[in-house]
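Quick one: structure below, then a few questions.
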Amino acid sequence: GSLQGYTGPLESLIGDIHDGTVLAASEANASGQYAHGTINVPEGDSKCIDADAAIAEAERLINDGVIGLVGPNCSGVTTAVINNVTAANGVVNISPSATSPALSTIEDNGFFFRTAPSDARQGQVLAAIAMGRGITSVAVTYTNNDYGKGLADAFVGSYEALGGTVTVNSGHEEGKADYSADVASLSAGGSSVLAVFGYADGGALSLTTASVDTGAFDSYIFADGMIGSGPALGGLDGLSGSWGTAPGGSTAAASWASVTAAAGITPGPYSGEAYDAMALIILASQASTDRGDIQAAMMAIGNAPGVSISAGQIGFGLHLLSEGIEIDYDGATGVEFNDVGEVKGSFLEYDVVGTAWSSIKTHR
Amino acid sequence: MMNTINEMWTSHRTQISFTIMTAILLFVGFNQSWVLALGIFNLSVISSIMALGVNIQWGYAGLFNVGIMGFAALGGLSVVLISQQPVTDAIEAGGFNMLIALMLGVITVVVGVVLHNKKFNKWVVFASIFLGFFAMRYFFADASSAIEKVNPAGTGYLGGLGLPVLLSWVVGGFAAAGVAWGVGKITLGLRSDYLAIATLGISEIIIYVIKNEDWLSRGVKNVTGLPRPVPYELELQKTPWFQDWAHYFDVGLGEFSTLFVKLCYAGIFVSILIGLIIMANLALDSPWGRKVRAIRDNEVSAAAMGKNITRQHLQIFVIGSAIVGLAGAMLVTYNGLLNPTSYQPLRFTFLIWVMVIVGGSGNNLGSVIGAFIIWFLWIQAGPMGLWIAEVISNFAGEQSSIALFIEDRVHHLRLVFMGAIMLMVMRFTPGGILPEKNKEL
Amino acid sequence: MAYLEGNSLVAAYGPVPILHECSVSVEKGELAVIVGPNGAGKSTAMKVLLGMLNPSSGSVVFDGQDITHLSTQERISLGLAFVPQTNNVFTSMTVHENLEMGGFLRDDDISHTIQEVYDLFPILFEKRKQNAGELSGGQRQQVAFGRAMMTQPTVMLLDEPTAGVSPIVMDEIFSNILDLKNSGRAVLMVEQNAQQALNIADKGFVLVSGRNEHSGTGKELIADPEVRKKFLGG
Amino acid sequence: MVSESVDILNAFALLTNFIIVPAIAYGSQLALGALAVTLIYSIFRLSNFAQGDSMAFGTVMVILILALFQSDWANANFGAILPPYEFLSFVPTALYALPFAIGFTAIYLLVMDRLVYQHYRRIKAKAINMCMASMGVMFVTGGLVRIINGPERMTFDDGARFLFSVRDFKEFTGLTQGIAIKTSQFLTVTVAILLVAFLFYFLNKTKTGKSMRAYSDNEDLALLSGIDPAKVARTTWLIVAAFTAIAGTLYGLDKGFLPFQYHQLLLPIFASVIVGGIGSPMGAIVGAFVVSFSELLLTYAYKKFLIFLLPGYVPDSLVQLIGVEYKYAISFVILVVVLLIRPTGIFKGKVV
Amino acid sequence: MITIKNLAKHFGGIRAVDGVDLHIERGSITGLVGPNGAGKTTLFNLIAGLYQPTAGEIILDGEDVTGLLSHQLFHKGVLRTFQIAHEFPTLSVLENLMMVPAGQLGESLINTWLKRKEIQEEEKELQKKAEEVIDFLSISHLKNERAGNLSGGQKKLIELARTMMVDAKVVLLDEVGAGVNRTLLRQIGDAILRLNEERGYTFCMIEHDMDFISRLCNPVVVLAEGQILTTGTPDEIKSSHAVIDAYLGQGIKTKESA
């Protein structure tokens, strides 16, 4: 099953995530190696911010007999779904994009996994790079939800520990009509660098655009939510000198690029994670579609030892599994779970060159 | 034939509509799943209670409250503050200063009001409030940052009192009532749309406070794992008697535990709903109700007949809001989490309004049926959209461009669907499904 | 066949009929008055003539043409004008705009007619820039009457035009109605000031519970002791 | 001495760049939507919840028309005018498509009126029922917008982006603080002024306009005066369509097109209308500016401004009245306060 | 009973009531006449607390009641009717009357749950009283009709009927006669006289029907342009030239006859 925020504030990101899941499922189907016939992926709409609707949808999907759930996306409803549905019903629930640090410690009975790394780690990475680049004072704006706030907390914590100054640290709401007030008060702190922790086509983009237009900051720091495919922030000019990080940089990335190229889609934020999430469920259910067994198999399949499987090799992986050979799924993002079922993740550092992203370095 | 159906409908609206709704839920139960049906049922009951509160305000008194979301959120916040376990570290870190800050706040307000009432120069009043505010601010800033620094990823807030969760529902009602009283005192002089925007504004303010005052509510980081008035599924699954039962009914343990928990909730919710409806109907069908309807009909004339309009409006505003607060607390308990970002006007204010109007404003049972129908649509419009997409692609061929196009956009079809059905229901039942008797359309 | 007539009208708002086979009519150059107790159906009969309420049986004939199924709008463009009993001014528009709206359908210059109305009711000229909603009860009646005059109708239907106006203005209104009639128009009016109205009327209808109880010339009705006692208050 | 007066200039340049220009632009954007809402309200007694989504619809129509002339639909950037017509690009291309988009929007709104609202007018339903019906229309319109064009963000390639940019300004004046004015901002303000003047003239001076007011005042009496309700409805929706499509497009030019964001515009638009006095065109405009300025002025951190203004003085806090997180809350506080002082809005609006 | 001193009400530049001194005697039936727009209704609205005066004061039984709100004045015994009927449209005719008396047990919310019995008794009493009033106005066939569906004249009767539901000190009647059938109006006049004589009600009434005024009222006060023109017995008023010019007129004239 696929439970995503098709409508609601994240609706515009979901297209890419959806593509990722579909790609994995169709690859498995095309290989003909799946032991239980064709894979069907019923879809549910989590609305991203409507916990009641998300729970109802999750219940519906589970009663439709899905063997596992990919999703939801937003950390808030993810928590609701884990608490109310998946943990209680013993269904594996693997989110491609919920990055809130709080999810690491949730009581999930071992049924919750995620292929997106926790933000706690990214905050440290960003802070270290910033200090390394000699940036000693920044203003921070984050999208006012658990993702943005969590990431900002992590970043500010490590940055200040490293000796940096945060002049202003404030949240912005999604989907508002105007962000010039945010820009005005952020710029008044006097720092010339702004760290933007938000969504590439949400409020953060509007905010960054307004900021660039008024010349409020010289350069910007972006976190994963802001870095996608295509030109940087829709081709906004005036970003040169800015940089950011996003999960990636594993050896697996090349395989993902060729998979998407072959399928003719442009990968977007979290689409690789979504692909991996779906692939993991498929692989883990090769032996048995019992929900409990799937959970038991997840860790073994995601982690070493075993034959490394990268994106585009789902069929091969299925084949190996049916032969009884152990695999280590790396997929599109180099999946490796820690003991609470989260990927550790590595991060790629990007520079904005002209209007394009250019990756320069990997941080593990 | 058409005529007899029509007559049946007009004379037995209530029975017929409730029968149909039950049938639909049973259908969902048999064909999709009982867990889903019960889930829809429970949420519908909670929505009914919220809609009832709104109906009391609008249907009885014509008060256009568009701040439902805020009162529901207050109920939700009460659950956290009453029933969560206290975070001792945080209290040690900043609890004392916070207490001082809050007390200073209260003192400032009281002093301000007293000075104002004693007709002191307004600059004196202003200065004292100003001073009080900064004194409060001083302690407050320290306290809140100290509290928020305590394990921000896990807690970072004060926690609650650790009292029973059912008590928090009552407190939720009272909290909403208290705020409604203050709001009403200030804004009830405003008419219709103006009152609407004022209440809308106040509800936004409440949400912003809950979102941004992390020390109080953990802000956007959500509070999860709230206590329940009913047993936990995982524990049930471990008890032998429960396993026996599941075996006896021949239902999977997981599903059976979920069902059981939902049934327990359903029992609690339904008894509250029935109690409220009985009380509301008794009140409406009495001289009190007559007075209230008269005021709604013509305020100038009611005032000339000696009725105190402002006081009556305030009473109704407070009661309605308290009921919304209660429902808000129930909802948060049911979900087990307080998620401030989920408080969106569309979901918590406008959807409830649609329920009231579709059901028939002024009629308490109407609010119930409205809540059931609209919530059902809200949940099932998605699957219906998917189903339509499937039909189309069967019809036009799996790979035809139209099928692909629809397939791609199917999730937006639900919006169209939801809207279209809503429009249809309203069109064919002017005045609502169960209109108030003697009501102007 | 009269210029405007309603024949055996039966009409209802809900299940119970209000009008039972009620007939009224008026000729060109004639003033007809409808009187009767409160709730007799007088206003209802007017509404049916105007097409604001559809009769379940009976017909409305205007100038030899059956207009029973025409809409209100079409009847207005045929030359009917109506002053309702209540809600008869545009409260949020100025007095002047109210009069302009009266002349909405006319393509010629309406300033002349507006001046006539102002001459007739000087108070309206003083208040021309004030919103009609701020006027006193009697002033509103004058605006309502003036608005109907603006259309220069061939048939004028009036529902209690003198309710709430002072005696002096009542005289003005009645004399204007006589002028209208003398200039060859048909005037049909409901009045509770029945004495005065019947005095100047060419014919009268007494409506009771939606039925024609009496009819005759104005003088005949005044002279009828039963009518006097039951409906004219003396 | 010299540097001091330059610093004062800098201070005001700062204020202009970060507060005045954005607030005026945002205010005008709101005002255009608010005019449509207030017009619909005053004619039909309808609080139109579908306004934000209708604006999105109008903008989608512009996008579709532009897309017809460009193959580059998927790539989200519109309006690059191809040679040999580049001389046309002194205004954003979207404006060329606008008249047609207005036409399509008008058709859509008229269809909705026919399917939905007409019925409620005929049965003389209460205002609230119509208002709920508009919520149904909101869902449908929102769905259609996303079905036609997807939920993703699109940006217009809007010709010359800046009237002058921060760098231009700095070079020209030699100040350290710059001011930027975007073409779209300038356009929005101009159009808003023109449209409000038009609406004012239309409603108060023309016969059609007056008949529309008469209809909204007392429908029965309007009928008795020979006013054609169908025509009033048609005219109203035509004007509304024009306002809606224009408002949507101008907003999109400045801030990009995102259906969810358009939907969310509803709240500030309503706030503007009501604070200004519902039903009053002038009120809609003033209300919009009250909303936009209150957001900016109250949450601005005046530290930098004060440093320029009072040389030698460096405040150790940000000098901010209230955190920017609360900016929407604050603008609502302002609304409530305004309403308490003037209970029917600044321009004495209608009360139902 | 009621003494009004130098009362004024201005709407912007319009002086609707402009310095009125008036004394309403206990037990009298005072008539208030005057041209349209003289300020009669505005004066009533001031006395009944719907408007706040621009200047002046109102004294009721020696107590200054200036600035009290209408519901407070009701409890002090000031009742009024409206020129443009203000019925409660969705209430039945009976309910329109039964809601009037103050201090009903069942008007308190708590009682509606706890004292069902007592409330029922009280309701019976009220209903009996309301039915008497309705009977008297010969509209008993309408008692369960929604007031919104009544005819124009019937609504005016409801206005009057409501004042008969309680014992008032002073009743302000604003053109109860306009639109009411003359035969019925005669009976209403009888009732007013009876209430006045038997129960000592004080009335103050605005009316344009001089016959009605002459039959009931003494004194008659003539208001014009916000000020008092004259005061006197009906006969004095009818023969006053000033009143004839400003208010009564000379009878119907037409263009032809002129």
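Chains here go by letter, A, B, C, D and E, matching the order in which they are written, and residues are numbered from 1 within each.
Just so it is clear, contacts are C-beta pairs under 8 Å (C-beta built on N, C-alpha and C of every residue); 3 or more make two chains touch, one makes a residue touch a chain.
Computed from a predicted model, the values in this text were never measured in an experiment.
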{"item": "Mutual neighbours - chains that touch chain A and chain D alike", "value": "B"}
{"item": "Number of hops, chain B to chain D, where each hop joins two touching chains", "value": "1"}
{"item": "Labels of chains that are neighbours to chain D and to chain E", "value": "B, C"}
{"item": "Taking each chain's C-alpha mean as its centre, the one farthest from chain B", "value": "C"}
{"item": "Chain pair with more C-beta contacts, C-D versus B-E", "value": "B-E"}
{"item": "Separation of mean Cα positions, chain D and chain C [Å, integer]", "value": "47"}
{"item": "CA centroid of chain A to CA centroid of chain E, Å", "value": "74"}
{"item": "Rounded Å distance, chain C centre to chain E centre (Cα mean)", "value": "28"}
{"item": "Euclidean distance of C-alpha centroids - chain A vs chain B, Å", "value": "32"}
{"item": "Sequence positions of chain C contacting 2 or more other chains", "value": "none"}
{"item": "Residues of chain D touching at least two other chains", "value": "146, 150-151, 323, 325, 328"}
{"item": "Sites on chain A at which at least two other chains make contact", "value": "7, 11, 144, 171"}
{"item": "Pairs of chains found to touch, sorted by chain label", "value": "A-B, A-D, B-D, B-E, C-D, C-E"}
{"item": "Parts of chain D lying in touch with chain A, wherever the complex brings them together", "value": "17-19, 22-23, 26, 29-30, 76-77, 146, 150-153, 155, 162, 165-167, 178, 180, 182, 251, 255-256, 258-261, 263-265, 268, 292, 295-296, 299-305, 318, 320, 323-325, 327-328"}
{"item": "Chain D partner contacts - residues on chain C that touch it in the complex", "value": "50, 52, 72-73, 76-77, 81-82, 84, 87-93, 97, 100-102, 104-105, 147, 151"}
{"item": "Chain A residues touching chain D - in the complex, by the definition given at the top", "value": "7-9, 11-12, 14-15, 144, 168, 170-173, 175-178, 180-190, 201, 205-206, 209-210, 213-216, 234-235"}
{"item": "Of chain D, residues touching chain B in the complex", "value": "47, 49, 115-116, 119, 123-126, 128-129, 132-133, 135-144, 146-147, 150-151, 267, 270-271, 274-275, 278, 323, 325-326, 328-329, 332-333, 335-336, 339-340, 343-345, 349, 351-352"}
{"item": "Chain E contact footprint on chain B (complex, rising order)", "value": "279, 282-283, 286-291, 293-294, 296-298, 300-309, 315, 319, 438-440"}
